[in-house]
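Given below, in the form of C-alpha cells, are the structures.
Below are two complexes that have chain A in common, paired first with chain B and then with chain C.
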Partner chain A sequence: MAYEELYKKLDMDIEKHNQLMEILGQVYQELFLSRKNRPEGMNYFDGVIAEIHGKRIEELFALKEQGRALVGTFCIFVPEEIVVAAKGACYGLCGGAQFSIPEAEAHLPRNICPLIKSAYGFKLQRTCPYTQLADVIYGETTCEAKKKTWELLSQLHRVHVMHIPHKKETLERELWRKEIERFKVEIEELAGNTISFENLKEGIETVNAKRNAMKRLYDLRCKDGVVSIAGLDALLVNQISFYDDPVRFAQQVNQLCDELEERIEKGISVFPEDVPKILVSGTPMAPPNWKLHSIIEQSGAAVVAEEACIGARYFRDNVDVSGCETVEDLIDALLERYLKIDCACFTPNDERVENVIKMCREKRVDGVVYYTLSFCHTYNVESKKVMDRLKEEGIPVLRIETDYSMEDVEQIRTRVEAFIETLR
Partner chain B sequence: MAYEELYKKLDMDIEKHNQLMEILGQVYQELFLSRKNRPEGMNYFDGVIAEIHGKRIEELFALKEQGRALVGTFCIFVPEEIVVAAKGACYGLCGGAQFSIPEAEAHLPRNICPLIKSAYGFKLQRTCPYTQLADVIYGETTCEAKKKTWELLSQLHRVHVMHIPHKKETLERELWRKEIERFKVEIEELAGNTISFENLKEGIETVNAKRNAMKRLYDLRCKDGVVSIAGLDALLVNQISFYDDPVRFAQQVNQLCDELEERIEKGISVFPEDVPKILVSGTPMAPPNWKLHSIIEQSGAAVVAEEACIGARYFRDNVDVSGCETVEDLIDALLERYLKIDCACFTPNDERVENVIKMCREKRVDGVVYYTLSFCHTYNVESKKVMDRLKEEGIPVLRIETDYSMEDVEQIRTRVEAFIETLR
Partner chain C sequence: MERIKAIGIDAGSTAIKVVGINEKGNIVFYKVEPTSFQMKPQLEKIIEELPKDVPIGATGYGGDLISNATITASEIRCHSKGAHLFLKGPGTVIDIGGQDSKVIVIDQEGEVIDFTMNDKCAAGTGRFLETTAWRLKTPVEEMARFAEKADREVQVSSVCAVFAESEVISMVAKGEPMEAVIKGLHRALAKRVASLAQSLNIIPPILLSGGVAQNPVIKSMLEEELKEKIIVPPYPQLMGALGAAIISMESKTKVTNR
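After this line comes the complex of A and B, so read on.
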C-alpha cells in the first residue's frame, strides 16, 4: 500500500481499511467506470475517488504539518468560509457506507439514521483518514440522533457542537450569529492566527466561486431537452465538493461545464430523447451512497437534480459580500446566507416546500422521488407537506425510505420501475 | 351515554369514542380493579379514570364557558403555573393508546414514537375530549418528530409552538425566558386578563403544592423496606396529575400518603418482603400506557420509582418564589426551575445520568429497567451513557424498547422475568 506510512501516523486500522477500499473500488468500477458516453471532464472526478484516501489525504496532512486547521463536519451549517479564510480545510467526514455500521450498532440504536451510524462506526473502526486527521469534528444540533451521538463521539475524538436553533426569529438569529462568531474564534485558536477582513472576504469568495460552479452544473445537466451528464455523475461531483480543494474543484467543475455546453449544442445526451426526468428530494447522500440514483437510472429515467444538502441546498444561495466593510459585516452576510437554508430541522419550513416546486419547474421534471434515509424523522414527517403540495401541482411523486444495506435494492427497483412506467 | 350531548358540542366521533371507552374499561378492570390490597386512597383515582372523559370534561367545559383558558400540552416544558394563575386549566392530551395510531399512520411515518402518533390520531379521530376542548394546543421543539408533527396538527387545530433550546448557555436562557413571557402574553390574551403578581405567585404555589404531594408519594411508596403501594398505582397517580384539578389532586395525593404512612408503620406491603425493587428510567408513559409496569409487577418485582417526565422529572424541582417581588422575578424563578429539567433533548445532559444514580440510591433499588418508546432517538441514544454509568456503579440494568402494541408483551415478559431472576 502506497499510503501505509501515512495511515500508520493517523492510527488507522490498515487491514480493515484495505477491505473497505477494495469494496469501494469494485462498486465504483461497476457503477461509474463501466458506463459509456460519460463526459471527459469526469476523468478528474474519477481520479479524486481513486485517490480519495490517498493524494487528498497527503494534501491535508501537509496542511496539518503547516499548522493549518482541519475541521471535519457532517452538515452544511458549519461555515466552511471561515476555515478557508484561515487557510485550513473544512470537509465532510465519511458516513455513507454500510461497512462501518455493524461496529456502530454496538453503541448506538439500530433504528437511527445510517449516516450517523456509519460516521460513528468509521471513528470506532479507525478506517476514515479524514476523521483521523481532523483537529476537531464540528457537530451541530440539526437532528437529535446526531446531537446525542456527538456526546458519545466526544469520548473518542475532539468534538465541538454548534447550536443551530430550530426557528428563525429574532433571538434565534442572534444565537446563531454568536455560534458563527464562536466558530471563528475557535478556528483562529486552532490556526494560531486572527482572521482579517481580507482573509474572510477571500474565504467567502472562494466558496462562493465553488457554489457558482456547482450552480452552473445544475443548470447544464439537463437543458434544452439534452441530459448532458448522468445524474449519478452529477451526484458524484456534488459529493466531491465536500472533500476537494475548493479552488481546484471549482476549476474542474467549470471545465466539465464547458464540455457540457458543447454537448448541449451538439445534442449529445446520455439518455434517449424521451427519458423521464426525475428530481430526487430529501436527505443527503454521502459517498459511496449511490444506491437510489443507480436504481433510478438503471430503470430508464434520468436524475436531473437533487433537492438535498448534497445538492441544491448547498449551492443555491451565496454569501453577498457587497457593501461589507468590516469582519462584523461579513459575519452578518454569512448569517443571512446560512439562514436561507431550508433544512427540515426548522419549524415551520414552508420555504422548502416552495423550493421543491420551483426546482420541478426549473428542471421541467416528470416526477419526484422523495428520498428519506431510514429513521430521519424531520425529512420523513415533512414528506407529507411536500407530497401534498406536489399532488396539488399534479407532479407525480414516489416516496422511498431506505438505508445503506443492499437487501431492499430489488424491492426498490420494482417500485421505481413501476413509477417510471407511469411517467412515460 | 351520559355525556353524549357534551361530546356532540365538542364535535366528537361518539361511536368511535364508545369503542375506546369500552376497551379502556376492560383494561382498567383487569390491571387495577382486580388487584388486592390496594390502598383505599386509590378509590379517588379509580373514580378519576372512570370519569376521565366524563366529570372532568364537564368541569373543563364549565371553565370554558366562563371564558377561562384551556391549554393542551404534550410536555412538561409548558409552564402550567401561568395557566393556573389565569384560573384556566393546563392538561396533557391523550396520547397513550394504540387505538388511535392506525389513523395517524395515514399521515405520519410508522417509525416515529407511538406517543406522537397516538396524540395526532386522537385529533384525526375526534375521540379525545381534552383535545377537542383545548383553546390552543401548546407544542414544543423538544423532539423532532413532535416538532414536525405540530406542523400537520396545526392544519387541524390551533397550535402554538414553544421553542425549547437544546443547550443551556447564556443566549439559550434568554431565548427560553422570552418563550415563557410569550406564553404568558398568549394566555392573558386567551383569558382576556392580565396576570398579576399575586395571581402568578398563587398559580406557582398551587403547582408547587401539587409537586410536593407527588414528591411525598415518591418518598413513601417504598420506605423502610415496605412497598406500601404498587408501582402501577403510583404511576397512575403520576399520570392523573396531568389531567386533574391541581388543588383537589394534591389533597387526594396527601390523603393517600397519610394512609401509606400508616401502612409503613404497620408493615403492610403489597409485595413480599424480599421483592426486587425496580427503577424505571426513560420515556414518559401517558395513560393508558401501563404495559411495562404491569409486566414487571406481574413478574414478581415492584416498581418503586419512575425517572421520567411522568414521574420524578415532573415533581423533583419546585419554583422558588422566596424573595420575588415582581412578575419579572417570578418569571426568572420559573425559568430557573424549568432549566433544571434534565430531558434527553439537551446536549450535554450529564445531570440526568447523575440523577438516575441518585434515585437508585434514594430508593435502594435492585435494578433499573431503561425504557424507551420506539424510535425516541434522544432517550434511545442516551441509554448508552446511562447504562455505562449504572454498570460502573454495579447496578443491573435491562433495556426495553417498545411501543403501544400488545404483540411483544410475551417477549418482554420473558426478558423481564429473566432479569428479575438475576436480582434475587
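After this line comes the complex of A and C, so read on.
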C-alpha cells in the first residue's frame, strides 16, 4: 500500500478504495493487457492506468503543495487553457463506474444519468483521490440533473458552477464571454497571481498541442484500410487525456502515432482486413466505462472513432491565437472555439448532426452505434434527428441505451452481433 | 427417424432448444429442456446423444459454450433464417420469448434488414404473462383459455411485469372478474409488442414465434393492433434452433462469426 499515507492526507476511505482498485485491476487485465498485437506505445498508457491513483496523484499533490490551482471538472466546456496558463492542473473527475452508484442513490433519484450518480457517489465514498485533491470542482449547467446535483455536492466540497448557455445567439455569447472572464478571475484568485497575455497564450498553445496530437491519433487509428490500434485502446488514450499532464501526454500520443504510421505502412492491422468499421456516437464514456467498445470489438467489428465529448468533440477544434495581441483577444478566441462545441445541450444543434455525417465519411465507417446513457435526455432525444439523417445517407445505425451495470451485457451483445452481421 | 442432415442448438437463458433437420430443412427431431445452472455440462450431455458427423449450428447466450459447433451465429440471424423457411420471402418476424422480444424485418433471402428488441426489462415478454399468471394462481398455459371466456376486458395500464402484478391484485380485490383481468393482461402485452414492431418499417407477412406464439389470444390481438394477418409456424419456439441448423447446413466450411 505504497500511497496509503497520501490517501490519509486526502481523507480517503482506504479500505473501500482498495476494493475499487482491485476490481479495476481485474477488468483492465481482461480487457486490455490480455489482448494481442497492441502497439508498444500503449505501454505508457497502461502505466498511467496502473498508477492512475498513484504517481499521478503524487504529482498533483506536489503541485498543490506549491500552491498551484487544482480544478476538477465534468465537462469539456470548462476552459482548461486558463488553468494551464496559471500553471495549475485541470482534470476530469471519476464518474464512470458502477462502484459508487449504490451510495449515491441514497441521496439522488435512481432515474438520473449514471455519470452524475457515479461522480457524486465517489465524493460520498471518498474513494476518488482526484476529487479529494481538487481545490474546487467546476460544475456546469449542461443538464437539469447536473445543475441540481451541484447544490448537493457543494455541501460536501467546494463547487463553482459555470453557466453554460443553451442557445448560441448574441445574448448567450455575451453570457459565455462573461463566464470565461469570471472563471479566469477565480483561477487567478486560487493561484494567487494574475494571468498575463504570455501566460494565457502559452496555456492555449499547450492545450492546442495536446489536441493536435489527439487529432493525429484520430487520423491514424484507421487509415488506408488498416486499423492500426484497437478502438478500446484509442478510447483509453482519449480518456487519459483528461487526467495526464498535457505536455507529457501530447509527447506520448505523438510517439504512439509514429508507431501507428509505421504499422499503416507495413499493413499491420489489429483486425482482419474486411472488419466492419464502426463510429460510436453519443454520450461520453468516462473511465472505466469500456462496456460498449469491448462488446463491439469482441463481436468482430472495430470502433474507429468516437463522436463524443470523450472523443472528437474534445480535440476537433483548436483555439486560433493568430493576430491576438491582448488578453481580451485571447478570451475572444477562447469564446469562438468553445462555442463550436456541438453538445446536445444546445438547441438547435444541427451542426452536430452534420458533424456525425462528416465523421462517417472521413473514417469511411460501415455503421454507427448511437450510444446513450440511460436518462441522458439531451442525447437520448437527439438520437432521432441523428438516426434519421444517417438513414437518409444510407448509413446503418443501431441505438443502444444503457448504464454502467453489467446486467445487460448479454442483451447488448445480441443486438450488436446481429447489427454487425447486417454490415458484412 | 429420418436421416438428420444438420443440427441447430439454441442455448437460451431459459431453455435449450435442439433441432435436427433433413435436406429440405424440415424438422425431423427436436428437444427442449430448461437451462440448468451448469449450462456447459448440460450442453455436453445433449451433444453426446446427438448423431455425429453432421454440422452443428449454435446460437443463444450459451452458443459459445458448444465447442464442437461448426458455426455460431447471432440469435437475430438464426431467427430470421428459421422464419424465412415459412415466410418464403421478405417479411417480418415477431419473436416473443421468455425474457426478450424481437422484431426483425427480413429480405428475400432471409437476411436481416432491420431489427429491434425490448429494453432491459420484462415488459413485452413472456415473463409478463408468467409472473401475473403465478399471482393469479393460474398455469400460464391456461391464461389464453381464461381470456377467451371473458366478455369484456379490464384496462391494465402497467407494462412492467412487477407493477402489473400489484395492479392485477388490486383489480381482483375490487371484484373484477378474473377472465376480464386476464384478457386485459393479454392486451397490455400485445400493445407493447405492437409498439415495438411499429418502431420499424415492417413488411407483411408477419410470422409470430417464441413460446408466447402458442397463445392464440396474443396472436389475434396482435393482428388487431397491427392490422395484418399473422402466421404461426409449427414449433414456434424452435425458430432460432432451426435457423442455426439451416445456417450450419449452408456453410460448407468452418467459420466463426464471433
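FYI, the second predicted complex is superposed on the first by the 424 of 424 C-alpha atoms of A that agree within 3 Å, B and C clash if a C-alpha of one lies under 4 Å from a C-alpha of the other, contacts with A are read in each partner's own complex, and residues count from 1 in each chain.
The rule we apply is simple: a residue touches a chain if its C-beta (ideal position, glycine included) is under 8 Å from a C-beta of that chain, and two chains touch if they have at least 3 such contacts.
In this text the structure is predicted, and so the values were computed from the model without any measurement.
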{"item": "Partner chain(s) touched by A:60 [first = chain B, second = chain C, both, neither]", "value": "neither"}
{"item": "First (chain B), second (chain C), both or neither touched by A:200", "value": "neither"}
{"item": "Contacts of A:174 with chain B and chain C, given as first, second, both or neither", "value": "first"}
{"item": "Contacts of A:421 with chain B and chain C, given as first, second, both or neither", "value": "second"}
{"item": "First (chain B), second (chain C), both or neither touched by A:356", "value": "neither"}
{"item": "First (chain B), second (chain C), both or neither touched by A:411", "value": "second"}
{"item": "Touching partner for A:149 - first (chain B), second (chain C), both, neither", "value": "first"}
{"item": "Which partner reaches more residues of chain A (counting touched residues only), chain B or chain C", "value": "B"}
{"item": "Touching both chain C and chain B, counted on chain A across the two superposed complexes", "value": "401"}
{"item": "Residues of chain C touching chain A in the complex", "value": "13, 61, 73-77, 100, 111-115, 117, 119-120, 257-258"}
{"item": "Chain B to chain A touching residues, read off their complex", "value": "107-109, 111-112, 141, 143-145, 147-152, 161, 163, 165-167, 169, 171-172, 174-175, 178, 344-345, 347-349, 374-375, 377-378, 380-385, 401"}
{"item": "Chain A residues within the chain C interface of the complex", "value": "298-300, 401-402, 407-408, 410-411, 414-415, 417-419, 421-422"}
